[in-house]
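Both complexes shown next keep subunit A, but they swap its partner, so subunit B is in the first and subunit C is in the second.
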Partner chain A sequence: MDDYMIGVLSNIGVVSFVALSAYLLLLTGEISFGQQAFFAIGAYAAGIATALWGWPLALALAWGAVSGGGAAVLVGIPTLRLHGLYFSIATLAFAEMVRILFELFRYQVEIDGELVGPNGAEGFRGIRYIFDHNIDAVQFLALIYSLLVAVLLGFVLLERSQTGVAFRMIGEDATLAGLQGISVARHKVLAAGLAGALAGVGGGLYAHLTTYVEPRIFDVMLGVHSLAYGLIGGLGTAFGPLLGVLIDIGLLESIRPLAGYRMIIFGGIVAVLLIVRPRGLLDEKLVHRIGRLFVRSWPAKKDGRGKPA
Partner chain B sequence: MLELRKISKHFGGVRAVDGVDLAVARGEILALIGPNGSGKSTIVNLICGLFPLTAGRVVFDGADITDAPMHARVSGGVARTFQNIRLFGQLTVWQNLWVAQNSGEQRRQSFGRRWFGGSRGARGEVERTLEFFDLAHKSNELAANLAFGEQRRLEFARALSAKPALLLLDEPAAGMNAEEIDQLDNRIRKVRDDGVTVLLIEHHMELVMSIADRIAVLNFGRKIAEGTPASVQANPLVREAYLGTPEQA
Partner chain C sequence: MVDLVQNTIDGLMIGSSYGLLALGFTLIFGVMRRLNLSYGPSVMIGGYLGTVVYLQFGAGPLTVAAAVVVGAAVAGIYVERLCFAPMKAGAAIASMVSSFAIWMQLEQAAILVLPRHTYAFPPLATGAPIELGPFAIRVDHLVMLGSALGLAAAVQLVLYRTRFGLALRAIIGNPVAAHLVGVDVRMVMPLAFAGASAIGGVAGFLVLAVDQQITPMFGMWATLKGLIAMMIGGLGSVPGAVLGGLLLGVIEAQSQWYFGPQIRDLVAYFVLFAFLAIRPRGLVGSMSEASTQKA
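Take a look at the complex of A and B:
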């Protein structure tokens, strides 16, 4: 694999975390334009942890997840009371707030005669953990994808769990879900927290992948894209948003002759799919049909059919 | 079991429900009838907390639930069906029942149990409900793909799977043929015999007269009569407001 390929694959892996984060909220019917904020918080938190505090990478990534998830819960408790468009606008406003706060955020420590740490709009240089510990690009790529596989495994379990079904119920008809005894507010905050944590891990990986973060990266377009990934790829399964990332970064951004037209093609794809397949390529119906090809009782429990419990 | 005390709901100048007193006794089937727009569905919506009351109190099992949130009322034992079928179309028949039926039990399950598929008892419960509604063979079908009659049955099953003490049925026979209404009649009786109190809103008079223990009649948001099917049928006010029109009788 050449460096370019590794770079593209790493990028796809990292962005998948934000895409899955937006997807998780989409499951509960909420459209968030602000998941890049938790990505940013995770990136800064994890970067500070390794570069300034000397934490090991695993702990720093966990810290990124906790920061992202914690922030998402704090923001979610008041904003998830808003519905539809109002929630979307609130998330957008919050994300811009976070970005601007990071432009003002200065926290530098002298390490080996050099100032390290976030320096406002200048960004945060010198997150050199992978160099200092001789982790090469392929090893880091493996780390990204092992975490991604673990997250996908979590999603597969979630989709089979009552909590996951409750998320989808709320997404389809929140009133009816309430009438079935599901506490809508609590489930939404749980989803927001998990989504924030996912974006946080992604941010932590991103910071260590590029060794440098600046507030400008976490602008609205990142949020819009991560939302679009789920809408393009499909809301029937967690592999939907991954498909969206693949189409965008794998196809449009990485094939050089296409790159210049990326936004035009991407916008076109979004517009066409919203009309033709409003719930994405891998929507619920398709996923259900594919699932039944392989497992007769999918997605009910394997002993949910035939054998009386 | 359920007591409505002078409940009112005004939408602007429209008095959809206007000072209605109504008591449902444990174990009975009480039918609520009245012409279109007389406030029947509004009363159901008020009981399950879809929107706040303008005035009055709702007392369930001795506790005032006027201000309780919807999901709390469900775990307290109130469940309902909708006149226009309301299901989770993108979920399977099984999933539609699986989570609902745990509303009470779910709270007692550990987080891990919920994550890994719920207790065996919960799964058995879904199986039995599916059998009862003759939907077992559709268990893994998406609810949106069901035929109309099956969706009607699933709607009933969905409400019942919340294990209610009080079941509110909002026009369950709408759009059904004679045979289906017969089955519905049997199912409602069976549910009542299992100890569930039923508040039935229905336009289909044959069904109402067949299964209701008592009938309350609404007109323009007010209760105009209440009593046994025979006494209500004989009531001149009711005849005038409702039963008297030939196409509905």
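Take a look at the complex of A and C:
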């Protein structure tokens, strides 16, 4: 693999974390324009942990997850009673506040005669952990994807668990879910926290991948993109958002020769795709059908009314 | 004290254009029950059309204004046809994401037509500011405030005094019931969309003419200002949109003066967040069943 390919793949992997974060909230029926805030918080927290405090990477990433998740729970509580557009705009407002606060945030320490740390709108340079510890690009790529696989496994388990079912029930109809004895508030805060933690890990990885972060990266564009990934790839499974990221970055990279027309082509494709498949490529129906391929035989036998093949 | 009053005056003037942006936004949301993220970019397309007319033919302000409004309305219809009309009833999120994809498209189209980062935009009015004791009022600000309030009043009249307005309000109230009593929903929707985008176009023209420049970032700016003013004022109300815009304008002018542009934006978003958390219906809006549906 050449450096370019490794770079693109690393990017796809890291962005997938934000996309999954937005997807998790979509499951509970909420549209967040603000998951980039927790990505940013994770990036700064993990970057500060390794570059300024000298923490090991694993601990820093965990710290990024805790910071992202903690912040998400803190925002989740006041926005709990908001729904629909009100929730979406509240997350947008919060994320923009976070971005501006990082533009004002200065915390620099002199390390080896050089000032390191967040420097307001100038950004946060010198997150050099992977250079200092001789981790090469392929190893870091492996780290990104092993974490991503772990997260996906988590999603698969979640979808089969009672919590996952509760999330989807709340997404379908929160009032009905509440009437069936599901604690809507607790599940919503839990989903917000988990989504924040996911974005936080992604942010931590991102900071160490690029060695440099600046507040401008974490603007509304990133948030709406991560939301769009789930819609493009499909809301039926956690692989949907991943497919969305792959299509976005992959397609954009592959039509690079058409530089000036990239977004015109891509925007058009997405718009038409959403007319044909309003819940994405891998939507619930398709996922269900694929799932049935593997368990086709036993429900037919069980009730004895299976059609002859 | 003089500063405080002067800032309030300036804020009200600028805020009137925010109010217009919010007005177009709230009409689209009311009729569609869906968020049109491409609203600001449609206005930006109008602005670019106006700039082309200005640069190519040296047109005067009224011709440029007409070009901006027409451009915004046409872009609005394009968005409606592609992102809203063909979507199924339950696919509100798909519409929103689709309008975001078209946003990217419109932005790139603008850059293709005029590739530099910034272009000059013709001024609205020149001449010395009007002096009122210690205070000064810019002439172009005054034109902005007058046009914005006039147009908002006209929209209110159309909504409450015409058959078309009645049809619109019926759809906003309940599209199925409106259809059952004979409102041609499929005809009114694109018209409302074009009209709302044209209102945004007027706001866009006023802002661009006061700033005397246009960049591709204007689309995002217009969407965000319109959203904030609409939510502060309260969804689904003409006076609410205008009041929300004026309040946002004053808040921005004051915080900009005392703390600079970064804190200005921070304060604006904080006020928005606080409104949503404490009083989601905004200044005067009614939190109807419609507006709590999925965006």
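To be clear about the criterion, the second predicted complex is superposed on the first by the 282 of 309 C-alpha atoms of A that agree within 3 Å, B and C clash if a C-alpha of one lies under 4 Å from a C-alpha of the other, contacts with A are read in each partner's own complex, and residues count from 1 in each chain.
Here is the rule we use: contacts are C-beta pairs under 8 Å (C-beta built on N, C-alpha and C of every residue); 3 or more make two chains touch, one makes a residue touch a chain.
From a predicted model like this one, the values you see are computed outputs, not experimental measurements.
Colleague: Check the residue A:T79 against both partner chains and state whether it touches subunit B (first), subunit C (second), both, or neither.
Modeller: A:T79: touches subunit C, not subunit B.
Colleague: What is the contact status of A:A58 with respect to subunit B (first) and subunit C (second): first, second, both, or neither?
Modeller: neither
Colleague: Is A:M263 in contact with subunit B, with subunit C, with both, or with neither (first, second, both, neither)?
Modeller: Once the two structures are laid over each other on A, A:M263 reaches subunit C alone.
Colleague: In the overlay, answer first, second, both or neither for which of subunit B and subunit C A:D173 touches.
Modeller: Touch partner of A:D173: subunit B, not subunit C.
Colleague: Examine A:Q162 and indicate which partner it touches, taking first as subunit B and second as subunit C; both and neither are also allowed.
Modeller: first
Colleague: Based on the superposed arrangement, let me know which partner A:H288 touches: subunit B (first), subunit C (second), both, or neither?
Modeller: A:H288 contacts subunit B only, not subunit C.
Colleague: Is A:I182 in contact with subunit B, with subunit C, with both, or with neither (first, second, both, neither)?
Modeller: first
Colleague: Residues on subunit A in contact with subunit B in one complex and with subunit C in the other?
Modeller: The overlap between the subunit B and subunit C interfaces on subunit A is empty, containing no residue.
Colleague: Show me the residue ranges of subunit A that touch subunit C in the complex, using the header's touch definition.
Modeller: Its residues touching subunit C are 26, 29, 31, 78-79, 82-86, 88-90, 92-94, 96-97, 100-101, 103-104, 121, 220-221, 224, 227-228, 231-232, 260-264, 266-268, 270-271, 274-275, 278-279.
Colleague: Show which residues of subunit C lie in contact with subunit A when the two form their complex.
Modeller: 29, 35, 37, 82-83, 86-88, 90-91, 93-98, 100-105, 107-109, 111-112, 220, 224, 227-228, 231, 235, 262, 265-266, 269-270, 272-273, 276-277, 280, 291-295
Colleague: Taking the complex as given, what residues does subunit A use to touch subunit B?
Modeller: Touching subunit B from subunit A are residues 157-158, 160-163, 165-166, 168-169, 172-173, 175-176, 178-184, 284-285, 288, 292, 296-301, 303-305, 308-309.
Colleague: Taking the complex as given, what residues does subunit B use to touch subunit A?
Modeller: On the subunit B side, the touching residues are 48, 50, 69-71, 74-75, 79-80, 86-92, 94-95, 98-100, 102-104, 106, 114-118, 120-121, 123-124, 126-127, 139-140, 142, 144, 158, 162.
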